[in-house]
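Okay, got some structures for you below.
Note that chain A is present in both complexes that follow, paired respectively with chain B and with chain C.
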Partner chain A sequence: MRAGAIFLREARLAFAGGGGPAAPAAFFIASLTLAPLAIGHSPATLQAAGPGVICFAALLAVLQGAERLFGEDVADGTLETYGLSGLPLSVVALAKVLGTALATLWPLPLVGLGGGIAFGLPAEAAGMLALALAAAIPGLAFLVAIAAALSAGARRGGLVIALIAAPLAIPLMVFTASAGRAAGLGDAAASANLLLTCAVSLFVTALAPFAISAALKARLE
Partner chain B sequence: MFSYLANPHRFETFARIAIPVCGWLAVALIAAGLWYGLFSSPVDRFQGDTIRIMYVHVPSAWLALALYFAMGVASFVYFIWRHNLADVAAASIAPIGAVFAALCLITGAIWGKPTWGAWWVWDARLTSMLIQFLLFLGYIALRAAIEDERLAARSAAILAMVGLVNLPIVRFSVEWWDGILHQGATVFRADGPEIHGSQLLPLALMAIGFTLLAGWMVLYRMRSAIMAHKAANLQRLREARA
Partner chain C sequence: MTLPDFDPLPLTVSDLSLERGGIPLISGLSLRVEAGEALVLLGRNGVGKTTFLRALSGILRPASGDIRYGDVPAIKAAPAVCAFLGHDNALKPDESPRQSLAFWSKLSGMTANVPGAMAAMGLKALADRPSRRLSQGQKRRAALARILVQNRPVWLLDEPAAPLDAEGREKLSLAVTAHLGRGGLVVAATHQALDWPDARIQELTR
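Moving on, here comes the complex of A and B:
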């Protein structure tokens, strides 16, 4: 079995099953709708809180599919098959998470763009925020995947995933939201924040497969 | 030293001496530190008596950080060399670290209200300590959620290592996000401590005393965990015979 085949299989499965890309996108939109109802609809509040609320809601949207990511593989024996494939588990993890993330999370930056405009951000700020979200989402997906792999087979796994992933996701939250906020103020720090988002996201993408593979290996023994 | 102590019998011999030594030294140092801190050190020119909260606050902060680091190192040792004792150490450290982080947050809030006029401000150091507390909680929750003991240990070890790698990035990002409100380093500075000797003495006594207290609690918990394990094994043996 080649890594490309795993990537395609996981992408197809994720796209077709359980709502595919519609589920996280709809969840994202729902949380964005609730935010103004909770914090009030004055344009100044929405503009100030917008980038942060949108990032936060994006994290929730990434988290909502996490429990299924490895839970079923551990339960139904797919993990054993992957273990027998001869591929290093880190490559399997990379292919699987990338496949799932690309198939299901691609609408999030677009929803973020729409959300930014709906929250009254200037067009450049909404664009910058969408760009930063696009850069952050692979990193977020891998961080959440670490948490999902570590709690696969646990009781109330979803709760544990959220508790583990939240502190790990802080740097991406900070840089992504700051990019949107700085762009809204016309601050040149926006591009610095965007670059930091890319850096953290790449760092996580490079290292997370090893942590995931260690967690999966412990579940194979 | 790790491989020497990895043998439970040797650990038992070591703990039998180390536990009372750590415990009594901690009591003596904390008593002396409290006396100096509460009665025998001058009030601060600007902060008045609230400065005395520092003698509990700063050692707690130091221990929350040190224990997180120790938990990460113990997890690494367990993950690489599979020394079960290292895992027992990491598991014993987690709740103690969480308590010190909580103590740091609570004393900080009590100090912050009269000094800054707010129980809580979202500055880099406070937020970092809150995150530290959450990291401990995540570790404890993951361990508690997995029934299989060995799997729980392996998963928790991976989480502690991931947390340790991530911690510098989290700290950097939080400092980036913040402007500076909290005072910077005053004790460990290249040009010598910037704190007066009359305050440094109780602070040092309390810091060493708290460290020994933490060591005492960790060793005590470790020995209890090993005993509980042995007892469970004996129980199983007896049931098998019957």
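Moving on, here comes the complex of A and C:
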């Protein structure tokens, strides 16, 4: 249950120091509010662009806290202490990313639901999009965490994280947005896309801790 | 509360060479530290004291040579036997010493010695103050208390006393003596005098 202790601590620290879910949620809402001003306000345009815009804004919201994820642990010596805790670093990474992600990212599917309705999607399409977002967010959080571990301690790490994470996020972007779009058209491909989102997200969640561990080990030496 | 003694676990370093960023720092170093013994590493800035401690902790791979705790190479043994205090204190600004120590104690599989460690480092009055409002010396005390709650036989301390006042150094010295009395061992790097009775001195030179 030592991994549980890390999970709880990281969730607590994300609330205490990082404002918990406020920052990613506010970022997500702000992007969704601004997007219609840029792409035009005709209902047909908004409805067509909605799922894609919402997925992309969700990725940006997940990226928003990434630099702090491992950067602070490297800077303050916590990473070394975790490395000597006797737990494998992959377990530390799993507990840490899950703890932080659950504490900070849980409102995003709800914001996505509200955003879908505001963009004029039918209720079942907005609901499908929110479900797909909920499925995609663990995967997105772990992809971003890989990038954060690779760039931990680097100057201007935030930029590097975005450059590494963006191409890795392509499959999740495609399937999540397609689930929302297909549901809007009443197309049966919606649930297929939702399942594909789940599959990719689970795949990433299962493998990312090992990649993060390798990146952190290289950083420690 | 008294904790049980450690099983004796000597540290053996044989023909060790270390480099940092391609620059050779330490070459052909051999030494042995017995359980119950403290070794103080002296040497000027940049001679490789920190690098040596990181190698002892298994974090850094030696360029050549061998480090063992008992019969086990450091890279394998260290996560189970070493408590490492680096230059940085591994404290989180929004966490109080009590929360931080409770966490590290849980992570090390111990649950009962947090109040004892806080008392040993004189942290009682600061227990619930977030770390961002502690002074440098108080942070160092909190970090040393973390070494105590981790309850490992081997302490690797990098400049443990640098920001400490006289009282803090006295408390550190008492903690080290108690640790050695339980059969633990301590390796500390410093460039200032540590008034630890019976500590062996090892001068590092290029």
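Everything below uses one rule, namely that the second predicted complex is superposed on the first by the 220 of 221 C-alpha atoms of A that agree within 3 Å, B and C clash if a C-alpha of one lies under 4 Å from a C-alpha of the other, contacts with A are read in each partner's own complex, and residues count from 1 in each chain.
Basically, a contact is a pair of C-beta atoms (placed from the backbone, for glycine too) under 8 Å apart; a residue touches a chain by one contact, two chains touch by 3 or more.
What you are looking at is a predicted structure, and each value in this text was computed from that prediction instead of being measured.
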Subject >> First (chain B), second (chain C), both or neither touched by A:Leu87 >> reply: second
**OP:** State whether A:Gly139 touches chain B only (first), chain C only (second), both chains, or neither.
**Re:** neither
**OP:** Considering only the touch criterion stated at the top, classify A:Gly180 as touching first (chain B), second (chain C), both, or neither.
**Re:** neither
Original post:
Of the partners chain B and chain C, which touch A:Gly71 in the superposed model: first, second, both, neither?
Top reply: neither
Original post:
Which holds for A:Arg9: it touches chain B only (first), chain C only (second), both, or neither?
Top reply: second
Subject >> chain B versus chain C as contact partner of A:Pro109, first or second or both or neither >> reply: neither
Original post:
Does chain A have more residues touched by chain B or by chain C?
Top reply: B
Original post:
Just which bits of chain A does chain B share with chain C as contact spots?
Top reply: none
Subject >> chain C to chain A touching residues, read off their complex >> reply: 57-61, 78-80, 82-84, 86-95, 99, 103-104, 106-109, 146
Subject >> Complex contact set, residues of chain A against chain B >> reply: 146, 150-151, 153-157, 159-160, 163-164, 166-168, 170-171, 174-175, 178, 196, 200, 203, 207, 211, 214-215, 218-219
**OP:** Mind listing the chain A positions that touch chain C in their complex?
**Re:** 2, 5-6, 9, 12-13, 16-17, 72, 75-78, 80-81, 83-87, 220-221
Original post:
In their shared complex, at which residues does chain B touch chain A?
Top reply: 79, 131, 134-135, 137-138, 141-142, 145-147, 151, 154-155, 158-159, 161-163, 165-166, 169-170, 172-174, 176-177
